[in-house]
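Got a structure here, written out as structure tokens. Questions coming.
So that you can tell them apart, the chains are marked A, B, C and D in the order they are listed, and the count of residues begins at 1 in each.
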């Protein structure tokens, strides 16, 4: 009865290959802009000489340009997948432990937690992701295997694995995350030991995937909960809708307003340089460029998504 | 070549009349819930015994239930219209004086202004709306007439007028707004006298309209900038997209995340009990119920929009 | 029974004249340092070529160096005197409307007010001084005359008067104070019209006095409540003690900790460049130099008090 | 030639024994008021049926009432002693790592740290005390022995020891302190491992002493740096003055303004129910009562100090 969604043939009239080539030409001239995340040693050394982009239609067709097969650590993009696992495990009870509002400010991380008594503002802030990780840990005996299996099923790539070097690198300099975790724990909002929560968190962030993997891994959010890669109904259509909504209002750190304004698609970024985005009912995509802007989002990734949305008119607004 | 948008006949298959009737039945049982805005004397007395809802399709067809023809003061809904006028007047230069990010917290109003040196977080917070009002004032000789003409053209109703009693009532108890305006002025971000800015602001808030008027007044945002009521191209398609994005991330006070999650439509609420919403490319709508929830949004209005979005599947996500 | 206080002859053994000369020699080499308060136009033009200091013993003897007879506007120093008048009028009831704690941070002015629902942290912040001014206004029919008479009696100088030019200059650029006053008013913590409160406040700040006047005006706080100038018991000994305590913890803006640490005397500063200080039971003093440090206190004034306290050993600690 | 300080015979005229008896009579009627610190399990069980007070003159005479020989854990009172050790070790370089201003608000603990990039506001907040502990740890090979030796020398009691049960109890529930320490570490302002800093910190807090011990341990701050117990010059007179100043502006959590106002003496409190205070050049004292007020200070201890200061007139103001 929902006749709003375009049919495959409608979408087929977009020249996605041409659009991606145009974007690739534009960003190529700007390689080198932005800065790598410097607080994780393993990321600070990545050269700024490559860009990749991949797009996956509901019918499975893939369009890609540049280093779309280059693997990088997905970092905060993983928060979408762990949120899905947590909601699958506990349902709406999750919202008693984490809120659904934009965070407002970068500096809010700990400040807001203190005002709000240990309830993170949303599942995509670090604080919220730690609570989500705690829920996943509590819900299964081997959370890391569970997440890895989920990722491999969603991406259709059994080679997806954790980059242990990056995971260790994050753990080594993670005093801020330790502070955050102990602070939440002091409010009783972590049930597992801080060390276990952070261990899982660092491993989810260090999952290594490429643009095609990640674009595919978002298919269930582009497909009303149905994953075209595995053929499974991963979550209900309503839940897919809601996760997309959360990405729109909180998926890109403090730049959610700016992303809605310039891109107009649900998206989730990571400091590894990746950004995934979803055109509900139509397609999912992923861009990668490791130079970040001052909000921590991939600088050319954001630009590429802006151009994509403008050229195709596929903003949700 | 944007083939994504459904044709009129597609949409026609939705039984909007039936859906509105169902919603009306559901909310009727809950009349009395919520609380009137009590800081404006004129609003505190409105009884909680009525609900109205109106929907306007791109082809001009109107569906309505309940007190859809009952007039109320539009309050913060007017911020969408003044933002449109301000962007029309100064374009992107507006963004040097007001930001586009969610505000984060209710208590942030003045706090955030102090941190961010007089630059409001977005044009829909009171602080941001005062800067927008200042821009409109500077851009034309008779701002009140300009706004009134705009509203009458958008709604197709020449009887739209300001409720002077409510405007006076707001001015009488407006020490907080005076504080806000002088505070912004102290940072040099108001160019007109504080009294003039507030006078205009109180009049825009006190515009009296009904659900049908307001749903129609949003047609240009449902129509890629084209107003189906007047036949005018009010703003560019791109600008319409962006205003919708701002409504999504900042249109419902501190509940923007919650609205995106449960409703999934760009929306703007007012403490008079109205909420307007847009299904881009498809329709615009308005609900009214003067009992507010603890975030200041119409309690049954929010519920009605949630139900509408679920029953039609017309969430943007 | 309180034998702790030194007798006049003990104190006489300090070579105050020599100490003041030494200090004068030291500061003379540093004239020009610091910056005038620039937000009040009348103060921004004062040259940084003069320094004055005066000291008044309990027996009435005066020691002075430099421009101790140069008149300047006392600005926030007046808050000590209006606090005295307010406590005289309403006693401990004042503390229901203003607290007695240090403010913590410069940026707290409005922020803290919002957290604490319109109750200023102490009577020496601008917000607190406005509430104090409101209390004084409510307690007598002609508050400005009352304060002027009080100042003339305390200083023994009938020529003390308000510098109307400076008062107007402050009012002209007073959007921040207007914001503050309306904000407090919105919480119901100002009983008089905002305009009246600010008018009184600007006049108290614009009182023009010299170092000898001001040092004398503090005699009642050095004398257990007894003013040696007029021979009157102005307040009880206990109240004098408490006002001194408030100056110690909140008298020098955000530098109260620093002042206690380096100077060790109850003191109150003003952006006109004056600082008064009290050695309880012994003497009162005043320094003036219009170049301020980054906390808004007279740069050489602070230095002179530090040196005075070290050379005499007259820190209260 | 500081003739301000009273001679022993002057002070002898105070009837300290009688004054302490009067205070004891007054507080006895109020036993049971206040609440034990409940976040440390070992403290939560202490009955509210005892009060102790001890006073030590410069000549060594001791006056005491009630349970002045009852041992309790000194908790935050130890921050005075570790500050002394840290200043002894690194001098003014300490002030590059911790500030000297009042903290403003209880909730500021982490918030302020975030604004101020890991520099605690003063050495008596938990955050500041952790930095001080870190400095002490870096300055000697066995910090716990060093502190214990210092405490025994200051109190003249070789039986002073750590209550290991309380230390463990604090460590068990110390997620907030872990958060604080990791947060400071993330700014590079802890040089030793977080575990080592907290281990030392919990042991300093769990030192078990009685009122007489603690009053004696403050003699060096009442004696211009000279400890009358050991006969040693512990710090310079100027440093003693400054530590007293810090106690005045920051020694009693968020109630420093209130303490200055009602007591008027440099003081440091602990959640174990102890409060030490100093009358510079005259005497040191300690009160104990484990029922706390809502700011975390001993309720009857504060009252006893207030009465003492009023009855003797020995406020510094």
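Just so we're on the same page, a contact is a pair of C-beta atoms (placed from the backbone, for glycine too) under 8 Å apart; a residue touches a chain by one contact, two chains touch by 3 or more.
On a predicted model such as this, the values are computed, not experimentally measured, just so you know.
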Pair joined by the larger number of C-beta contacts - A-B, B-C: A-B
For chain A paired with chain C, centre-to-centre distance based on mean C-alpha positions, whole Å: 57
Chain centre separation (chain B, chain C; CA means) in Å: 49
Intercentroid distance (Cα basis), chain B paired with chain A, Å: 31
Sequence positions of chain D contacting 2 or more other chains: 115
Chain-chain contacts as defined at top: A-B, A-D, B-C, C-D
Contact footprint of chain C on chain D as seen in their complex: 1-6, 10-11, 13-14, 99-105, 108, 112, 115, 121-122, 238, 240-242, 244-246, 248-250, 254-258, 260-262, 264, 266, 280, 282, 310, 312-317
Touch list for chain C against partner chain B, complex: 107, 109-111, 114-115, 175-176, 178-183, 185-186, 194
